[in-house]
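Take a look at the structures below.
You will see two complexes here that share subunit A, one where it goes with subunit B and one where it goes with subunit C.
On to the complex of A and B.
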C-alpha cells in the first residue's frame, strides 16, 4: 500500500503580515507546515505504521516549501516529491499539476488539509479529487481501511457528522480531532536529511492572478458600559449585542 | 526566535528545524505548567523520557553510543529553547549531556561507554556530576576533600558533594575524588551503592523546578573498573565544565528572549498618562538594551559553535560568552520585572522566575567574577586566581 500526503507551507498564524507595494510581504514571517496538512501527514504515517507499505509527501510550491517538506520527512514520511513553482497558482491549477504526479504514483489514498491557512481556501482537496476523478471525503475525523479496496471514514458535515464507506483510491481532507501529530524529533530530523526529495520543475499558468492585496484594519469601538449598577450594565450589554452588534 | 540580525540564516536547515521542533514541543509540554512546577519545587520527571525521544540528551554524542551525532549549534539551540522555558529544564539537560555523557564518552572505557551512554541518551538513566564540595566551588582543587582509597581491586570513596543538580534523580553519579597520590580521578558510582546518600536541598528561591542535592559518600566501594581511565587531574572535570558553559551561553539567551518578549508585550498594552508605556523613553531604553544584548550574545554563541565543531575552541572564549550572556540575561530579567511593575512580582508572568533562576546561572559553572579573572589571566598573562599575586609586596610592607 502507498499513502500520499499533499502538503503546503503557510505563514505561522502568530506572524504579523505586512503589505508592501500592494502585496503581502512574507519577509521576516515564520513559515510552517500548514497545521491541517500536519494532521494529514500524521494520519498517513499512522496508516503506514498499521498497514505497512510506503508513505510519500507531495508538495507544490516555491523553493522555500522544502522546509515544510523536511518537517514531514522528519515526522516519519519515507520520501518526498516537490513540484517547484514560484508565484501564485490558484487551487484548480495546483490540483491539475499535482494530479499528474499523484496518478503516476498510484497510491492507495491521498490525504491533505481540510483548509489551506494562507488563503483560507478549502478547494485543494476536492479539486484534486476532481482532477483525479476519485471520490473525496472532506473534513475527515476518523479513517479505517477495509482491505485495499475500501475505507470507512467519519467526516464532519455542517451540522453533524456521517460515516461513509468509500472505494479506493480516494482523497481525504483532514479535520480537527483526526489525530494529535507527533513532534519531529532530532533523530527524525537527522534521518530526514538522507531521505529522497525529488524536485520537479512545474510551469503552470494560474487561472487567477492576484492584482492587489490589503489587510483588513478596523479599529475597535472601545465602547465602555458604566458598571456601577451591574443589573443595568448587563441589560445594556445584551441590548448592544442584540441591536447593534446583532450577534445574539 | 527573536533574531534581530537573522542569525538563523547562519544555521543549517536541520539546526533551524531542530530549534522549531524543540520550541513546539516545549510550548505544548512545558510552558503551560512551568510556573506551577516552579512554585511547587517539582522537576517534571515525566518529561525525562520525552527529552530523550526529542534528542535533547547527548545531542553531540556519536550515534554509535546512542547520541544524535549533531552539531554544536544543534546542542546550542536546544539549550536556548529549554532555557526560554526555564533554566531548570536546561540545567537538567546540560548536566546529563555535558557533565555526565561527555566525560564518559571522552574519558570512559569502551565498556563504560556501551553500558551507560545509550541509557543516558534515552533518559532511562539520569546522571549527576559531583565536583563541588561544601567549602566552595570556585577552587575545586584545594576544596576537594573527597578521597578514593585503593583497596585491592576496589576503590573506597569517602566525602561529600554540594549543590549537585539532579542528585536525587540520578541513577549514576560521576564523582571526582583524589586518589592515594592526591590525583583527581573520576568514578561512575551507581547511586544505589551502599554508603551513597543524596539529600535534597530545600528552601531554594531559585531554580525551583530543578533538583539540587548534597551527596554523601560513606565507604562507598566501587570496582576499579568504575574509574574513568582516560583522564587524570583537574583538567577532567574542567573540560566537562567547558562543554556545559558553552551550552549555558546559548541557554541564557533563551531566557533573555522570554523576558524581553514579555516586557515588550506588556509595555505595548499598559498605559500611563494616556499613552502606552512603550512610548516612554525610559522604557524604550530598557527594551533596546535587552535586544542589543541578545543580538550580540547570539552572534557570540553562533561563532562559538563554529569554533567548537572545528575543535579550536579555547576555554577562555567560552568564559567570555558564559559570563556576558548570562549577566545580560540576568540584567534583562531585572529590567523586564521592573517594566512589568506590580504584575512583575507574581508567577503569573515569567520574568521574576527567570530573574531568580538566572541568579543561580550567573553563579554556577564559574561565577561571573571567576570568569572575569580567567579572562584577565588570558589577556595579561598574570594570574589573579589562586595565591595572591602580590604576596611578597604585601608581606614587605
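On to the complex of A and C.
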C-alpha cells in the first residue's frame, strides 16, 4: 500500500504580516507546515504504521517549501516529491499539476489539508479528486481501511457528521479531530537528511492572477467567544478585555 | 505573540556573529547543517510554546506539595517533559551510539534557552538531568553508565545534584555527609542534603542523585570529598528497579519563585551509594556538572530577561498613556507609551542586557564545542581556559543584569506589572534565584578574581583580552565603529591594570584587602565583556538593511554611552584598595 499526503508551507499564525507594493511581504516571516496538512501527514504515517507499505509527501510550491517537506520527513514520511513552482498558482492549476505526479505514483489513497491556512481555500482536495477522477471525502475525522479496495470514513458536515464507505483510490481532506500530530523527533531530523527528495520543475501558468492584496486591520478583528459554557465564556471575555483590549 | 526569545535574534547570533555553521566542518558534527539546526530549534520552539509556556503560571500558583509519602507536581509538568522526551531532546548532544544526534552544545543551549524562557521550573528538570548525564558519561564506569546514564538519556530517569547541606552552601569544605564503605563495594551514606531541586517527584521512573560525601579517614577539606550515585529506587544489574533506597524527603522548601520544581531537604539514611571514579576526586568531577549548570543558570537569567523584555515591548506598543511632551492639546489621543523617552530608556536597557547576555551565553556554549572538537589540542586547551574565565561572568553577570531587566519590565507595565494578572512579576521572582544558586554571585566574583584571571600566570586573562583585542582591531578602521573601538581599548587597558594591581597585592599577602571589592571587579569585567560582545554585534550589523540591524546598532550605542562609562569609576574604586568592607573583628555593623 502507498499513502500520499499533499502539503504546503504557510506563514505561522503568530507572524505579523506586512504589505509591500500591494503584495504580502513574507520576508522575515516564520513559515511552517500548514496545520491541516500536518494532520494529513500524521494520518498517512499512522496508516503506514498500521498497514505497512510506503508513505510519501507531495508538495507544489516555491523552493522554500522544502522546509515544510523536511518537517514531514522528520515526522516519519518515507520520501518526498517537490513540484517546484515559484509564484501563485490557482487550485485548479495546482490540482492538474499534482494529479500527473500522483497518478504515476498509483497510491492507495491521498490526503490533503481541509483548508489552507493562508488563502483559506478549501478547493485543492476536491479539485485534485476531480483531476484524478477519484472520489473525495472532505473534512475527514476518522478513517479505517477495509482491505485494499475500500475505506470507511467519518466526515463533518455543517451541522453533523456522516459515516461513508468509499472505493479506493480516493482523496481525503483533513479536519480538526482527525488526530493529534506528533512532533518531528531529533533522530527523525537526522534521518530526514538521507531520505529521497525528488524535485520536479513545473511550468504551469495560473488561470487566476493576483493583482493586489490587503490585510485585515487588527482593529476590525472581531473575536467570537464560544458561548456553550456561559461561565467559561464570561471568564474569557473578562480576560480578553483585561489582557488584550486592556480596557478593564 | 509567544514572546519567548526572538528567533531572528537567535539566527543572527548563531550564524552571522558566531558562525556556528563552521562547526559542521568538524568530524563530530559532520552530519549537521544549518537545516538540521533550524529544524531542531523549530521543534524546541514548538514544544516550548505548546507544552511549557502553557503551564508556567499554574506552576507558580500551585506549588508542588508533599503528603508525607510522595511529592506531587502539576500533571502538565509531566506532560511537557514527556513531549520533550519523545522528541529525543534528553540525549541530543550525545553520541549516536547513546541515542543522541551529536548536536553541538551551542544549539542545545539555544534550545534550552527557549524552554527556560517558556517555563524555567519545568525546564530545570530536563537541564539537571542533562548535567547529571554528562558527569556519568565522563566519569561513570561502563556498568554505571548502563544502569544510570542510558535511562537518563532516554528520559526515563531524572537526575539531581546534591551538594548543599543545611549548614554548608558556599563552603563545601564543611560537608558532613558520610559514606561508609561496605564489603560488597558499595557505600552507605548518612547525612542531610538541603535545597535539592527535583529531589523527589513522581514524574520519572527513578531519580539519580549525584551526592557529594566524605569517606571517613580521607584527607580534610575539599580534597576529602567523593562523588556517589544514590538512586531513589535501587537498580538491579539488569536494569530492573529494586526497593526504595534510604533517601527520604524531610520537607519541601517554599520558594519565592521557580515554584514548579520541588525543592527538597533530603535525609540520607543508610542510603546505598556507588562511588563514581576514584575516591576523594568528587569535587572535580562535580565541577563538570557545576560549570555546565553555571552556564545554564546564566542562560536562565538571560532567558527570563529576554522574555520579560518582549512582554514589556509588546505592552509598551499597546498601552496608551499621555501625550508627547511638545503636544499640549488635551484632546489629542493618548500615545502608546513606547513613544515616551523614559519608557524607551527602560526598553533599550532591557534589550542591551537580554540580547547581550544571550550572546555571552551562546559564546560560552560555543567554547564547549570548541573544547570538544577543536582541530588541535592547543586550541581545545585555550577554549577550556577561556571558558573557565568566562563561567563566573556568564553565571554572575547575566544573573545581575537579568534581575535588573526584569525589574524594568515591571516598571514599564506600571501598576499592572505589580499584579499577578501579568507575567512580569513572576519572571522577576523566578530570576531572583539565579544570583543565589550554583554558587552565589559573591562566590562567583571571588572565583573570577581570586582564581580565574590569575590562573596559569594570568594566561586565562590574556586569552580573554586577546579576544577583546581582536574585535577592537576588526572595528578600528570602520568610521562608524572607531569611537567604540577606542573606548573599548581604553577600558581593556584599565581592566588589565586593575587586575595586575589586585593580583600583585594578593601575592604580597594582603589577600583580603585585594579581594574585598571582588564584586566591583565582577561588574567591571562583566561590563567590559558585554561591551566587547556588543561591538561584535554592531560590527556584524553595520551596513545591513532593516530595523532589526538598526536596533542592534542602537543597543550597542546605548551600551557604550551608558554602561561602559562606569568603567573608570569602578576602576578607581578598585585601585584605591580602601578598607570600608574590612575589619570584621570590629562591631561597626552592630545596632546597639
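As a working rule, the second predicted complex is superposed on the first by the 217 of 248 C-alpha atoms of A that agree within 3 Å, B and C clash if a C-alpha of one lies under 4 Å from a C-alpha of the other, contacts with A are read in each partner's own complex, and residues count from 1 in each chain.
The rule we apply is simple: a contact is a pair of C-beta atoms (placed from the backbone, for glycine too) under 8 Å apart; a residue touches a chain by one contact, two chains touch by 3 or more.
Being a predicted model, the structure only gives us computed values, none of them experimental.
Three-chain overlay on subunit A, with subunit B and subunit C in a clash. The wider contact with subunit A, measured as residues touched, comes from C rather than the other of subunit B and subunit C. Using the contact criterion defined above for the overlaid structures, shared-chain residue A:183 touches subunit B and also reaches subunit C.
When the shared chain is aligned, subunit B and subunit C each come close enough to touch A:74.
In the superposition on chain A, A:193 makes contact with both subunit B and subunit C. Residues 32, 67, 70-71, 74, 183-187, 189-190, 192-193 of subunit A contact both subunit B in one complex and subunit C in the other.
Against subunit C, the residues of subunit A that register as touching in their complex are 14, 28, 30, 32, 67, 70-71, 74, 182-190, 192-193, 242-243, 246. Note for the complex: subunit B touches subunit A at residues 13-14, 16-18, 20-21, 24-25, 53-56, 59, 68-70, 74, 78. On subunit A, the positions that touch subunit B within their shared complex are 32, 66-67, 70-71, 74, 183-187, 189-190, 192-193. Of all the residues in subunit C, the ones that touch subunit A in their complex are 1-2, 7-8, 31, 33, 35-36, 38-40, 42-43, 46-47, 83, 86-89, 91-92, 99-101, 103, 318-319, 421, 546, 548.
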